[in-house]
């Protein structure tokens, strides 16, 4: 298939394809980060994760309307403010959901699965009622939608760069938060030993709420980011859920490093296969490979071998 | 007794009943209207001043995005018909059911509309899958379905009127145009992975090869797929003159945004992107700025300059708001009630068997798309048009076939 | 907790519940409803097969599969393939370029029947396949997962992913499967037109009787030592293992049983509805099937049947009158069942209705 | 020095490491027929891990475990049970949702395969055996009550009873008297003496009085290694043991 091309052409195509793989990696990782916190740290299966993402996207949509109506001069940078709003909005909804629903269900992971599925149906219908059944078009500043020409034949999409940068920042943020900050240490302590954490004076209920809300907030940021590459509609969130869970599970639920490795290997596998076969088959083969590996190594890519 | 063994037996009892009830008030109603029993020998839900029809689309689920416009158009047509005095002097009352984007539900609701509600006609279905599911129900209970979507063809049921274009009507002229006007030689076919894109691309490929041109790639992605960077790279590698796309739904949003971000500026037409599946409706979700310069091949665009259309667009916006837009399917859905009205009035009867006889040859001169005519194969004669998308989300019509194109759902040589 | 449940269902009670259900399915519903509604009820009942399987695997065994649609699909497609071949006789399909193969294959340029379709010319093989294929598939999934002690949440997510893969595959391979449209326009079973009203009556009764038989099998399994073992595994899997049981084998077995039940439901679905499509095997229908069992009470065999009936009935009624409310109601139902009624209808029945009934029943018996 | 056939259980060079940490390091143990052996040691000494290794719950990194000449390290858990090893867990691990009768019945050595469990019937043999064991573990009048309702001590007995009904040749008990009252301890000690007639018993216990009462021989584990072994008296006077227990 490559006979008709010069080496230079091939080189630039492969460079761009490698970059496409990196973008996919960032997308998967960003989707999975919030879930990795909620599922990995708390053991809660949040099937409404996609709907939280879409809430972030809708908030971005509303913010863009706000700016184009009232602050047209600042439209070029509205996106970053929208991301903050998206985080706050989903964080608040996350706290509310934790308080009304999730906190009754710790230690019953399969029940959190059913309840959050119910929640996702309700949110979908809510979006449909508020924003209408159609997808909404989120207008982005022009500078974000262009591409940057590295050479004559290599063009790097700007939105892909932005996704990668946001993912990098959020990942480092989450990592530092969990490892360094007081809140993060508390949250890890609660995960490791709830009773003991409670005994040494950590308000476990508050830590739980904060952790869950944080996961939702990150989903909101992811949703805002994906307005650059995907669609925003009441049911768009459902598209993400299987991929997201597979990334987290494949990585070994409790390990942030695992999530990163897993997002990386899945994205590379998929984008390489997509290049050589049809998109549908690439998707099937990728999912299948992940499942087969999970069957051989159920604990995921990264997990500590521990004394049971 | 509630139990019904067969529809025909019920029909008889119902008819006698209706005759008796209808006799008195009927004498006092419009002189033009005939007795309910005379225009309705099969027990349809027709009284002396009303007739019931069904509207069957997805209000919920993933397809609600696409089907909303059709519902609005059908309601508008029904209201306009009622304002003009109805059909055979009877006001149309519609019963709306939700197909919920779930194909068995379409079959179930079709049966409900035909068997329980006894509607005289149903305007509905959108995806091929929903139509395929509902079709046996319409054939079994002898109902009449007006189906608005452009679709893959390969079907011809006496119980369906296809008001959208079948694949050859939409594709062949589009490719001819790309060759003649744009000098296109190499095509890249891209679609969502299901029957309509696959069939469309099959027809397109045959036609491209017949014209002595070349297909340099053919790719399918699962419905709802949102990552197109790899295929965009493949496209760059193959350097086609035309990307011929049949991607549908939310995937479109992702595709055009990523295409733009990858530096493929549609206005430069290198390559040119020709779609069968992006109407004004879809552009709302994609964002006009992302499809500026896109070409679409279909029979209707909101910007068609004729008077019928101007009036239609104005009334549609009056009913559903200034911001609403009208796509190809929406217009086709609007035709449904009008064609049905014309057929009923020509037959002087609501009976499905009667309108089956009068439907072929029915003409509408008032259609927003211009003149249309029902072919004996139950599809419409219609024109082929190419629209050129602008950043404001509307299309400029850059090409219009001189004559009406004959519908050909089983195209010889393209299968 | 479960104990009280096991106690309360003494054999006598079981027989009475069984007779009541049989009377409802075989007498009351056919008398109350016309064939249109009855056919719908028959459709709902096909989901009760799945729910029964889930009661065994999830309720008793603690194995939550979010991919039961896969098995429903296997059964449904097997039946649909047989019926489609019968509907595609060379006379019926003479306008095709290759007569004698299903229409969708012809549209996809297939010129001969794929090899794996061939055996489905035989009804005997089809029925065998409806039992054997889901069992085999469940065995493969189960053996891979349970032997390695994958369970709970992981199992749920992996089965869900498998359901997603199946859907993409079926849709993508449309020349062989009918794609997104599914296999439609099924007409006759060994020459007997299944679309007529009388056939629908007969199919409804066949379906109900098959369901009752399945229910008896489920009840037998539950009452057997194997049923008690499953409960024991949920309490303390290690204890069971160190009492000399190969835990994985028992889980595989019950997962296979649940799979076969679902496939039966799928086959009956195809017969009654007249087509099969990928929209019934994906993630969403699979989760809905779980909710049928949850609403009925995931420990209650009878609850499964009532749960499937009631949720579907509510869905139909609500979506006829208030389409916008339907998702709110369904979502609320999920949350309510989990938060307020973890034992579902069966729990409500046990705590409120049964005491009342017991009283009444005694007084009538006294007369 | 030792003749292998004299021993029911022969453990040699047993080592297991978790990510480099050696929880059990080169442990050798020899247990005779009808012996009651008690393993003692401070927390984290690897006592429970040794039991886990024997019954197959954890796989050994190195070393061998021979039971009546059969290598156990390669067998699966249920195969080890069938070979004749029974194990009680630290926290009483019983089926709370089932009755005492059903708890015992499930351990009855018949119908252990899927098909057997499906066709299992509660015949007189089962009932007799369950009654016999129930009276042995002081629960004969609790047969119909739900296991969740038993006291902590009774749950411990029930779990021992569930092992007895399998009639194992080696019985491993992890802290059998934890949470028991004084009188219950006494009864348990009697019970152990009674059942050792047909089998060997390996016990982990912290309660030194109880250990003194039942042990034929004591093994002291410390940081995954055998620190001392012998009669209770000998071990108690071993300066290394005193150092570990009292030194800090």
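Note that the chains take the letters A, B, C and D in the order they are written out, and that residue 1 is the start of every chain.
The rule is short, and it goes like this: a residue touches a chain if its C-beta (ideal position, glycine included) is under 8 Å from a C-beta of that chain, and two chains touch if they have at least 3 such contacts.
Note that the structure is predicted; figures quoted are calculated from it, not measured.
Give me the fewest steps it takes to get from subunit B to subunit C if each step has to go to a chain it touches.
So the least number of steps between the two chains is 1.
Taking each chain's centre as the mean of its C-alpha atoms, which one ends up farthest from the centre of subunit C?
D
Could you see whether A-C or A-B has the larger number of C-beta contact pairs?
So, comparing the two chain pairs, more contacts are at A-B.
Please tell me the distance, in whole Å, between the geometric centres of subunit A and subunit C computed from their C-alpha atoms.
It comes to 34 Å between the two C-alpha centres.
Could you please state the distance in Å, as a whole number, between where the Cα atoms of subunit A are centred and where those of subunit D are centred?
48
From the mean C-alpha coordinate of subunit A to that of subunit B, what's the distance rounded to whole Å?
37
Hey, how far is the Cα centre of subunit B from the one of subunit D, in Å?
Once rounded, the distance between the two centres reads 75 Å.
Do you know which subunit B residues sit against two or more other chains?
Residue numbers touching two or more other chains: 59-60, 193, 220, 222.
Where in subunit C do residues touch at least two different other chains?
168, 171-172, 324, 326-327
Listing for subunit A: what residues touch at least two other chains?
Touching at least two other chains: 125, 128, 238, 278, 280, 283.
Flag every residue of subunit B that touches subunit C in the complex, lowest number first.
2-6, 59-60, 97-98, 100, 102-105, 107-109, 111-112, 115-116, 127-129, 132-133, 135-136, 140, 152, 154, 193-195, 198-199, 202, 220, 222-223, 410, 415
Which residues, counting only subunit C, touch subunit A once they are in their complex?
Those residues of subunit C that touch subunit A are 64, 66, 144-145, 148-150, 152-154, 156-158, 160-162, 164-165, 168-169, 171-172, 283-284, 287, 290-291, 294, 324, 326-328, 330-335, 337-339, 342.
For subunit B, which residues count as touching subunit A in their complex?
59-62, 64-65, 68, 193, 219-222, 224-227, 229-234, 236-237, 250-254, 257-258, 260-263, 281, 283-290
In the complex of these two chains, what residues of subunit D are touching subunit C?
Against subunit C, subunit D makes touches at 55, 57, 76-78, 81-82, 86-87, 89, 93-99, 102-103, 105-107, 109, 111-114, 117-120, 146, 148, 159, 162, 166.
Provide the residue numbers of subunit C that touch subunit B in the complex, in ascending order.
Per the touch definition, subunit C meets subunit B at residues 31-36, 39-40, 43, 95, 97, 103-104, 106-109, 168, 171-172, 174, 179-182, 184-186, 195, 197-198, 273-275, 277, 279-280, 316, 319-320, 323-324, 326-327.
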